[in-house]
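Below, each structure is written out as structure tokens.
Below are two complexes that have subunit A in common, paired first with subunit B and then with subunit C.
What follows is the complex of A and B.
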């Protein structure tokens, strides 16, 4: 079986961070202080809504209804969480079905989304396929067209293809992402030198192998980030106008039935929001944790 | 400067027929789905902009009526256009630079701190409902955080209707929009910075780069050109499409239409009045506005490092 020679992957030689190998220009002490202060202040402000959501999910009813709303919780309770199973008891289909739908749709579609976008980007970045410049510029411009106006034409296409009220309506339209192809092509243009691919070609690697075993490892920070974007959107996906069967609906739709329970359910609605936040945060931690570690650089000397 | 990186944009030389076929096979899944679910709907929408269509009965041909109505009859449109341009001119460039500067600053910390800081900045995108914190902050009664703080400090006597007063609402919406728009561009920049070849910095130090600002201008920015172009398009898209923030905080229509935008108007035309042909015409106009801006910006980005 064909194996790439080690020297294609400069990252293998760069086990130590480049910081240790030579001196970078660093900022002054005052600059350091200013930077840290600014970043921490801005960062803390940005995380406030998340903290507020978490605190609110532990508030007892009287604290939830107090006006003006209070930021902190005084007598925290886990009741909002413990009543969730009973609130979900009278759903038309078991909760496990919603969980299955959400996990199935987000995982399958995220993987397809990233692979399809990367393959497309690879062709647009590194091939000489006829018309690739025009296709790429159409992709860029398509990002600028207001998506609200597209709802009705899309509905007509779904119904023509018989996709209404099936899993397909969650999956197929979410796979082709102009943003994904654009992002991945930009990474490949910036990080993968054509000469590197030529060298692998001369060694006898086929097109698909070059893509999967050479290019994809180099642009790992790119597809890890795209995975996060895709998963975050798909996890929150509700198909209101195109899916009607209860057994095909997703977790956010089950969660919204709790919020519809009115003021007294406010605490539990927030608790559900907090639980729903966990998977995207986990995906964030995994993907960005490895992005900041990779240091994949593929230079040719 | 000898630090220019290898040209990587050009394509590999023409291979065998089999390799060519492989390229088409790899592009096909994206292209077919993209054509079906994006290109076709866009084309349909452009055609619809020349029709009267209420989403129930069949469309009737309208010629240029929808476009004429936008510029001649609609009283809200000129205000909405003015607000949209204001939002775009202020939040677009600032948001773009903020996303880069923050990523650049965060990138110089150790990996653990880097991950933590970028988590803080990305948190609003992970939280979902983020408007209510701003609603409490700028609430118009004396309980709103800003009002109660200013009143207890003796700065004001009566509470200010922050979100109802045209002179305050506009800047407030701009700030919230900026804060929200960090997400995608910021993370793309963070991972883009990971892909900058460290050898370039080494070579730059030998070649006469003498300060961090030199390094930024001659090495980091040119290496980030492709990712900056991506951020630029995303930023144009969000800056010209400000709407959800304004509707959430100030409602639609807002007092004196002070923060109503083209997209707010478009959504109202479609949702409340079912005038899909007119909504499509507004979309086409907005698209042209953004497309022209995008072309101008790409010319600017290409100047970095020169």
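What follows is the complex of A and C.
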């Protein structure tokens, strides 16, 4: 489906991108000012809702109810945060359980997804496995499709496999997400020279060793990017129709419960939102440099 | 004979390698068959049948041919409207998003202090604003306490900035109501736009970085203006990325969970247990997305690729 006429990306381009190859402009002072103004204005604008939610999470009740709403907080309080555990008292499961569930599911699934996707991508990129072309067109096809529209047929499969109301329902369906294989394959095509693999084979390395000790370190930016995207999706995951036990639910569903409490709980709902924002940002900080590098190779084919 | 023997040996190694490869790709294949291909097949089947929940046999299907498609196009009260809304939104969003993200990418690709910080700023919504957090930010947990405002806000327009009640703030400044409404609408639109651009900006930056510096040096020696540089170097060199961004944007815009058609299909399925109409809607919509994507690819190959490659 994505057939491009010409390939501009080769492995050596990736090396070049480390170097400073940005075009240097000689701008007037006014131009410089305009640039910075443009960037700062739109940059701040794009994160305004996040700043607002952070500020709101520190507002005391009377400030939350002011109309028209005020942007800044005058008397900050941490009450909205300290009150969260007690808000979940009537749910039979403590807050720590939700946090554990979320962390457990996101970490385990992200790791499994990255490993499975890289293994698949390695084969699709570097060997002649049977049905390679069909597999790749299935990947492209599934990229077009929104998984959330498949809820009902998927439910039937879950119940057939006995996965309903277990941790499996979070973990298994997320592992073969095709975005991962697509990204990793494109990155491996560009970053791993076939000659390198051949050399390693001649030196006596087996397929597994080539993959684990040679290819994976080279494509580190690729799987760091993948980790970021996978973690982002998994951290937000709510399995509404397939998980019913309260002790198996994740932090987002606890957050929805808090938010459903109405006006007086707005502060706490925002506090949970702020807490939920932190882990993806941490993952982003780790993988930050890799994102552009990976994207630059995803343009082929 | 010797030749034959050699050939057989080569095939032996190849098949061994292939077996290894199969092992590597197998976990993913099983997963995609179970959780993607089988459900897709089922959903296609549903769109041509009538489905009901039988108390004894479970889900029962009865083949009705194209009835479902006829129904949603001719009789369903909302589908055609939703489809038009969705496609209209798409038609004006696509060029705006592509152009705006390209401008941002060009600006962010330049050399200045704090470049990494700014790139992160524009990419941050991509990381944070999904799922529950996005829901909270759109459902205006923080703002819109005023019941009058809540009623007047169109619920179908899920705006990112809902957390901040711009309309309320503007109202308090005593502007006429029409101007307030209009301004709030445009501010919200800018938000949606900016939040849709994150990945596209990164893709464009990545594309821009693959352009060799030498090309610009040569063109400068030859005396090209920056306008010519843009049209003859920058644009042709990012044409691949451009296509990728366009396709990404098409898919991103049309398969969003806030899309009216998607919402209608999802609600039909989950609230009314009307699997067949919902499947038919999704396949209809999916076919349209496919046609649009194919058209873009065709146009690209016809016009751009011929001129630039």
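One rule holds in what follows: the second predicted complex is superposed on the first by the 245 of 301 C-alpha atoms of A that agree within 3 Å, B and C clash if a C-alpha of one lies under 4 Å from a C-alpha of the other, contacts with A are read in each partner's own complex, and residues count from 1 in each chain.
Here, a residue touches a chain if its C-beta (ideal position, glycine included) is under 8 Å from a C-beta of that chain, and two chains touch if they have at least 3 such contacts.
Fair warning: this is a prediction, and the values are worked out from it, not measured in the lab.
Student: Applying the document's definition of touch, where does A:39 land relative to subunit B and subunit C: first, second, both, or neither?
Tutor: Both: A:39 reaches subunit B and subunit C.
Student: Classify the contacts of A:211 with the two partner chains as first (subunit B alone), second (subunit C alone), both, or neither.
Tutor: A:211: touches subunit B and subunit C.
Student: Quick one: classify A:237 as touching subunit B (first), subunit C (second), both or neither.
Tutor: second
Student: With both complexes overlaid on chain A, does A:195 touch subunit B (first), subunit C (second), both or neither?
Tutor: Only subunit B; A:195 stays clear of subunit C.
Student: Considering only the touch criterion stated at the top, classify A:269 as touching first (subunit B), second (subunit C), both, or neither.
Tutor: After superposing on A, A:269 lies in contact with subunit C but is clear of subunit B.
Student: Which partner chains sit in contact with A:256 here, subunit B, subunit C, both or neither? Use first/second/both/neither.
Tutor: A:256: touches subunit C, not subunit B.
Student: Quick check for you: in the superposed arrangement, does A:123 touch first (subunit B), second (subunit C), both or neither?
Tutor: both
Student: Between subunit B (first) and subunit C (second), which does A:72 come into contact with in this model arrangement: first, second, both, or neither?
Tutor: It touches nothing on subunit B or subunit C.
Student: Which subunit A residues are contacted by subunit C in one complex and by subunit B in the other?
Tutor: Correct list for subunit A: 21-25, 35, 38-39, 42-50, 52-53, 67-69, 116-117, 119-120, 122-124, 127-129, 135, 138, 142-146, 148-150, 152-154, 156-157, 161, 172-173, 175-176, 178, 181, 207, 211, 228, 232, 236, 273, 276-277, 280-281, 284, 288, 291-300.
Student: Report the residues of subunit A in contact with subunit C in the complex, numbered from low to high.
Tutor: On the subunit A side, the touching residues are 1-6, 8-9, 13, 16-17, 20-25, 35-36, 38-39, 42-50, 52-53, 56, 64-65, 67-69, 71, 116-117, 119-120, 122-124, 127-130, 135, 138, 142-154, 156-157, 161, 172-173, 175-176, 178, 181, 207, 211, 228, 232-233, 235-238, 241, 252, 255-256, 259, 263, 266, 269-270, 273, 276-277, 280-281, 284, 288, 291-300.
Student: Over in the complex, which subunit C residues touch subunit A? Could you list them?
Tutor: 14, 17-18, 20-22, 24-25, 27-32, 34-40, 42-43, 46, 59, 104, 107-112, 116, 118-125, 127-137, 139, 141-143, 145-146, 160-161, 163-165, 168-169, 171-172, 190-191, 194-195, 202-203, 205-207, 209-210, 212-213, 216, 237, 240-241, 243-244, 247, 251, 255, 257, 262, 265-266, 269-270, 275, 282, 286, 289-290, 293, 297, 301, 305, 309
Student: So in the complex, the part of subunit A that touches subunit B is made up of which residues?
Tutor: These residues of subunit A touch subunit B: 14, 18, 21-27, 35, 38-39, 42-50, 52-53, 67-69, 116-117, 119-120, 122-129, 135, 138-146, 148-150, 152-154, 156-157, 161, 172-173, 175-176, 178-179, 181-183, 186-187, 189-195, 197-198, 201, 206-208, 211, 219, 221-222, 224-225, 228-229, 232, 236, 273, 276-277, 280-281, 284-285, 288-289, 291-301.
Student: Give every residue of subunit B touching subunit A within the complex, in rising order.
Tutor: 5-15, 19-20, 22-24, 26-27, 29-31, 33-34, 36-42, 44-45, 48, 55, 102, 105-106, 108, 111, 114-115, 117-130, 132-133, 136, 139, 141, 143-144, 148, 179, 182, 184, 187-188, 190-192, 194-199, 201-202, 205, 209, 211-212, 215, 223-227, 229-230, 233-234, 236-237, 240-241, 263, 266-267, 270, 276, 279-280, 283, 286-287, 290-291, 294
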